[in-house]
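Across the two complexes that follow, chain A remains constant while its partner is chain B and subsequently chain C.
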Partner chain A sequence: MSYSVARGKLAEGVLERIPVRRRHALAGYMFIAPALVFLFVFALLPFLFTIYVSLHDWNMLTPIPTMPFVGLSNYTYLITQDPLFWQTFVNTVEFALGDVVISTSLGLAVALLLNTRVRLRGLWRAVYFMPYVTSSIAISIVWANIYNPSYGLLDGVFQLLNLPSQPFLSSPGQALISVIIVSVWHGLGYYMVIFLAGLQNIPAELYEAAKVDGAGAWHRFRFVTVPGLRPTLLFVVVVSTLSSLQVFDLTYVLTNGGPVNATNTLVLYMYNTAFNFLKMGRATAMAVLLFIVIFGMTLVQLRLLRERE
Partner chain B sequence: MSARSVHLQRASVSLLKYAVLVAGGLVMLAPFIWMVSSSLMMPREILARPLVWFPEDPRFSNYAALSHAVSFGRMYLNSLIVTVATTLGILLSSSLAGFGFSKFRFPGRDVLFVMVLATMMIPFFVVLIPVFYIVHLLGWVNSYLGLIVPNLVTAFGIFLARQYMLGIPDELLDAARIDGASELGIYWRIMVPLSGPVLSALAILAFVYQWNNFLWPLVVIRSDSLATVPIGLNSLRIYASSPDVVNLQMAGATLAIIPVIAVFLLLQRYFVQGIAMTGLKG
Partner chain C sequence: MPMSWEISERKLTRRELIRRAGVLAGGVSLSGLLAACGGGTGGGSSYTKPSGTKHTGKAAPGKKPTPQTSILGAKSSSVKLTVLTHWAGQEYVKALTQLFDACGKKLNVQIVSQTVPFDQLLVRITTGQLGGVTPDIYHIYNLWLPDLTTSGVIAAPPSSVVSDIKSAYGKSTVDAVSYNGKVWGYATELDLYQLQYNRKLLEQAGVKNPPVTWDELKATAKKLTKKNAKGKVTQAGFQLIRGWDSGVVHPFTCLLWSNGGQYVSQDNKKALFNQQPGVETLDLQMDMIGDGSGFISDPNNFTSDFTSGRVAMTIMANWWGPNLKAGLPGGLGDAGVAPIPYTPGNTSTALQYNWLWSVSQNTQHAKEAWDLLQCMNSPESKGKLSPMGTFLTTALNAIPSRESDQAYVMGHPGPLVAYLKPFIAALKHSRTEPIVPGDQEIKTDLQKQIEAAWYKQKSPKAALDAAASQADQILSQKSS
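For the complex of A and B:
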């Protein structure tokens, strides 16, 4: 460090009387202060407030000091007396599982294809990535019409292929998988781009060395590509799990949780509990429970994927 | 194996590869094509069986009819104001804090940085209700301030900027200090220009995220005059829900999607680099 060098050259002034080291520290605080104030007011404080509200009965209209303390009863109600909470929980986990597995593997497959010698790579990449930049609300409106059982595009195509009409979003049995398909279509390009970057980060020398040693295409994939891609895979799995457990836009627009709650997911249920029924205590308890699930899953995934390294 | 059969095998593998890419590409594009095509159809063409792919006589008047239902100009303006303001805020706050965390030593620095990382683990839905309440107490419900201010700082942005700035050599800063540069001058003339790649990546991610953001505006906006594009589309969906106005829904979706795709195609390289970069840093 060269504060002492800098000190010699500094002009005389009021600041000069403060030791340089302390002035340096002061500057550091000044640079981080604005961001920290915002994070405190709009993230950390609200987080603590969520936990606090979850132990109370609150409709957001009564002043904070008068809200009655109810202990853990919001949690026990959700866990022991609210079948809808469990149904949305199972829906959310099923959605996340399907979404993560399918988008991650398709994203990886397209990335592997585009990583070979292929013409018009930029064009293909653009085509697969395009849905990701578009508004989830706009594409949900389009897909709701694509799935329409009487006039939708899919029904028309099924008819051309002599397949029977399907209810898609309007049947409890097909609705969730139909939403998953939209989510995969929307997000797969993002994972493809990250996988492509990961693939290009694997040094070409490794492949050449393997080739010299007589490794075939499969062995090069198994012993060079797979280990080289592990950190990328870790990132993609963690990020996609995080985002699909929070699904809201798609289920809100495509089905609004229906039919008969077959696609009701936790964040959607929380939103309705809070802003339609004004049960803030119960809604914040849901938020805390889902947060614990997300946090736990992230830790488990990090541990599992790290161990194998 | 003869040279000829090896050649044949290679050609068929390559053919298969392109067949897969084309088939997948069609699936990716078909929703967009049908969206534009049906936005120009008469309702009976959309309802027709067997399926009609393209309108016999494109009806651009659907778009005029749409403009009676929702004000797209206003929605675009609102989205633009909110997205540009939040993106600039995120760039400024992330670069300032990134500089502070990466190039200064002060008591409590590492503890504070761990706290920033911890807030990165808090998803937005967890704090939705309290943030709404705080905005309500500040009197910002149904206002631009309410839409913008809670999103001006992201822990992820600070993290990304700090990681990148750690790689900028200290010697550069020391040399500038010797030349009498102020810390703010060092920030603006050295750190910001040298952080171009990370800041442009951050700008693109923040822009896409804010432009498409739905949950927060849904909660904080009450009047049509403040509706952003996703909010306006959502009310259009409710307004035009019968089959004989599906073409209006599709026209609305087209107006929301096509400009974004145009911008994406123009800046594709930066999008891809930006996302690849965050993937590798994360």
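For the complex of A and C:
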């Protein structure tokens, strides 16, 4: 008997002594081990380090072991003494609300439209999806020019219609809604595709049965489409809320948080606090607070929207 | 079957629900922070941008500067010096090659030149410190001196270098590279603010001379303002720039100083910009905004607003020259430069800021590093430009910091030199941007508060008081 065969037999013997259920579990853990290691190194460790740094005062220039421990003072400062933190929090929530509500409603509306036998359906789907595959930085630069109050495309349209010029991104009152419009335009195609997939999974027989029962278009939508789309809706709302709460690129390029902090969002403020003001402790405290908010909101959304059995 | 359906088909237990939400939210929250940690894209950041970046690191469309490394000097030498700069455009890299090559060969040192765009420079410095991979020589913005010196990132120069700097550079420039009473390196690019105006628009309005006092500034701005039949301003007399800390705070500080005011107390413990001279400065801007002669430009369009004739005057730094040369119909011939307008009993005072070469505290070759810097910043013979002066005037069109280089520029005619001359002349009455711990944050907050006044969300006094209160808090944290 060769050495390798003997070794194989020995291994088999050892394995045989382990109960089948445990053996299956072990195999499962072996399969997911690479993913677990990846998750640990790139998600859990940074997360724990984020919490650790948030309890310190650190400018990233001094060695990590020498950073002074400050307890919860970064958190208490943000919550009790930093009005800008609250302003950016409110801006972020307003942005998320506007973006999620409009993106979800419009995405569903466009998906419903393109789920019918409309001419050039494939072309329309591609057209709506195109902004999503374009870089958000490029989109922001183009939209900054569209919004330009002096020579922007929108200003030209307004002049043609004899309407007064609008400042858009230059106005504290209009800047946030202007950014929301860009965000909706950017993400609409993605949500449309998700809704289309959801719509195509609703069995046609349900619509036929509803028709036979005399249900009109509205009732078919209300009692067949909406319940059938509930899981899709859950997915879209959760995903769009998560991405909206972390908006960074659009506000960074379009407005840089201005004017007068009107579009300054939490992640943008976090970035500036960390890399411009060199206050990594405070920035990581913001990250932890944002995590708590997102965690809470996700829980609520899952609870409210999950299918009741 | 799509993922969304899978969610619906399984009843989630409470524990599973919390676990899923936790993993999802945690992952996404971290990815947000990491995305932010990834640094800027160079797509138009204006937060930390000192005014020099338009020609020193900002990407032109389709010509984005990318981090680069090249090996120069005496390539076979055992002494290797790594130099980190923010001059990342191709044209700058080419000019840097000549700058480093000559002195590197002369001193028999190998030079590894690393360049990153300006908006990634501080991130590169901090991540380098964290990773323990630091360059030997840094090129830094002087506003970063408090953080970089107190954290032990850069080293103080030897006394011979300090003597060289003190004897060859003007007082305001020596102040600009000093912190806590110590000189920290060789000043390079110097930028200074002055009143800049469109000569043609002033001529068309019958204005023979640019304004000298605040009253003249207001009157001239009004005279230069044009409105159409609907009352819409088609040409504004004076330009203010929003959304960019230096673009807002530097001109404000020039006017504040020219009105006898102060930015912070001498001991760096209290903000003073909210006192009467500061409120009067903001009132001046508000008066111009109020009568339509003051126009608030978008940070991405302030140059085109000026070159297209939408605005006639502004307060801006000398690095703007090449932009004006390219944009104004008559090139730099259309660009006028005059001292900052002042109030009776006070002096026109300009703000200057600098970049400087400094040596890392971690370098194994401190002597060679300072020798290299001394070589690059010393003219070969009297009456000649230093290698750094050549680089600054030819590649960057900037004002060199060394006085002998400035004298050389003044003695050599040309359109750009004609444009730069008033700036160099104004150095006599200039002051360095206050180098205060935490000033980046103070400056950003002041910018936001000034803008709040411009947009009538706060009175000038309330806005400046809010900024001063925040500044005092930052100063007290930094001093404790």
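Throughout what follows, the second predicted complex is superposed on the first by the 268 of 309 C-alpha atoms of A that agree within 3 Å, B and C clash if a C-alpha of one lies under 4 Å from a C-alpha of the other, contacts with A are read in each partner's own complex, and residues count from 1 in each chain.
Just so we're on the same page, a contact is a pair of C-beta atoms (placed from the backbone, for glycine too) under 8 Å apart; a residue touches a chain by one contact, two chains touch by 3 or more.
Everything numeric in this text was worked out from a predicted model, so none of it was measured.
Colleague: Is A:L302 in contact with chain B, with chain C, with both, or with neither (first, second, both, neither)?
Modeller: Second partner only.
Colleague: A:S150 in the overlay: touching chain B, chain C, both, or neither? Say first, second, both or neither.
Modeller: Touch partners of A:S150: chain B and chain C.
Colleague: Considering only touches as defined above, state whether A:F277 meets chain B (first), chain C (second), both or neither.
Modeller: Only chain C; A:F277 stays clear of chain B.
Colleague: Identify the partner contact of A:R230: answer first if only chain B is touched, second if only chain C is, both if each is, neither if none is.
Modeller: A:R230 sits against chain C, while chain B stays out of touch.
Colleague: Using the superposition on chain A described above, determine whether A:P259 touches chain B (first), chain C (second), both, or neither.
Modeller: In the superposed model, A:P259 contacts chain C only, not chain B.
Colleague: Is A:I137 touching anything from chain B or chain C once the two structures are fitted on A? First, second, both or neither.
Modeller: both
Colleague: Going by the contact rule stated at the top, is it chain B or chain C that touches a larger number of residues on chain A?
Modeller: B
Colleague: Name the contact category of A:A43: first (chain B only), second (chain C only), both, or neither.
Modeller: After superposing on A, A:A43 lies in contact with both chain B and chain C.
Colleague: Look at A:I294 in the shared chain and tell me whether it touches chain B only, chain C only, both, or neither; answer first, second, both or neither.
Modeller: It touches chain B and chain C both.
Colleague: Quick check for you: in the superposed arrangement, does A:P172 touch first (chain B), second (chain C), both or neither?
Modeller: second
Colleague: Where on chain A do the contacts with chain B and the contacts with chain C coincide?
Modeller: Residues common to the chain A contacts of chain C and of chain B are 43, 46-47, 50, 60, 137, 141, 144, 148, 150, 194, 197-198, 201, 232, 235, 242, 246, 248-249, 252-253, 267, 270-271, 274-275, 283-284, 287, 290-291, 294-295, 298, listed in rising order.
Colleague: Which of the residues in chain A come into contact with chain B in the complex?
Modeller: The contact residues of chain A facing chain B are 1-2, 5-6, 9-11, 24-32, 34-36, 38-39, 41-47, 49-50, 53, 60, 110, 113-114, 116, 118, 122, 124-131, 133-139, 141-146, 148, 150-151, 153, 156-157, 159-160, 185, 189-190, 193-194, 196-198, 201, 232, 235-236, 239, 242, 246, 248-249, 252-253, 267, 270-271, 274-275, 280, 283-284, 287-288, 290-291, 294-295, 298.
Colleague: In the complex formed with chain A, which residues of chain B make contact?
Modeller: Those in contact with chain A are residues 17-18, 20-21, 24-25, 27-32, 34-35, 38, 46-47, 49-51, 93-94, 96-97, 99-101, 103-107, 109, 112, 115-116, 119, 121-131, 133-134, 136, 149-150, 152-153, 155, 158, 170, 174, 177-180, 183, 187, 208, 211-212, 214-215, 219, 229-230, 233-234, 236-237, 243, 246, 249-250, 252-253, 256-257, 260-261, 264-265, 268, 271-272, 275-277, 279-280, 282.
Colleague: How about chain C: which of its residues touch chain A in the complex?
Modeller: 1-5, 7-8, 11-12, 17-18, 20-22, 24-37, 39-41, 43-48, 122-123, 125-127, 129-130, 147-148, 151-153, 232, 242-244, 296, 298-301, 305, 310, 438, 440-441, 444-445, 448, 451-452, 455, 457, 473
Colleague: Spell out the part of chain A that touches chain C in their complex, as residue ranges.
Modeller: Going by the criterion above, the answer is residues 43, 46-47, 50, 59-62, 64, 81, 84, 137, 140-141, 144, 148-150, 165, 169-170, 172, 194, 197-198, 201, 230-232, 234-235, 238, 242-243, 246, 248-249, 252-253, 255-261, 267-268, 270-272, 274-279, 283-284, 287, 290-291, 294-295, 297-299, 302-303, 306-307, 309.
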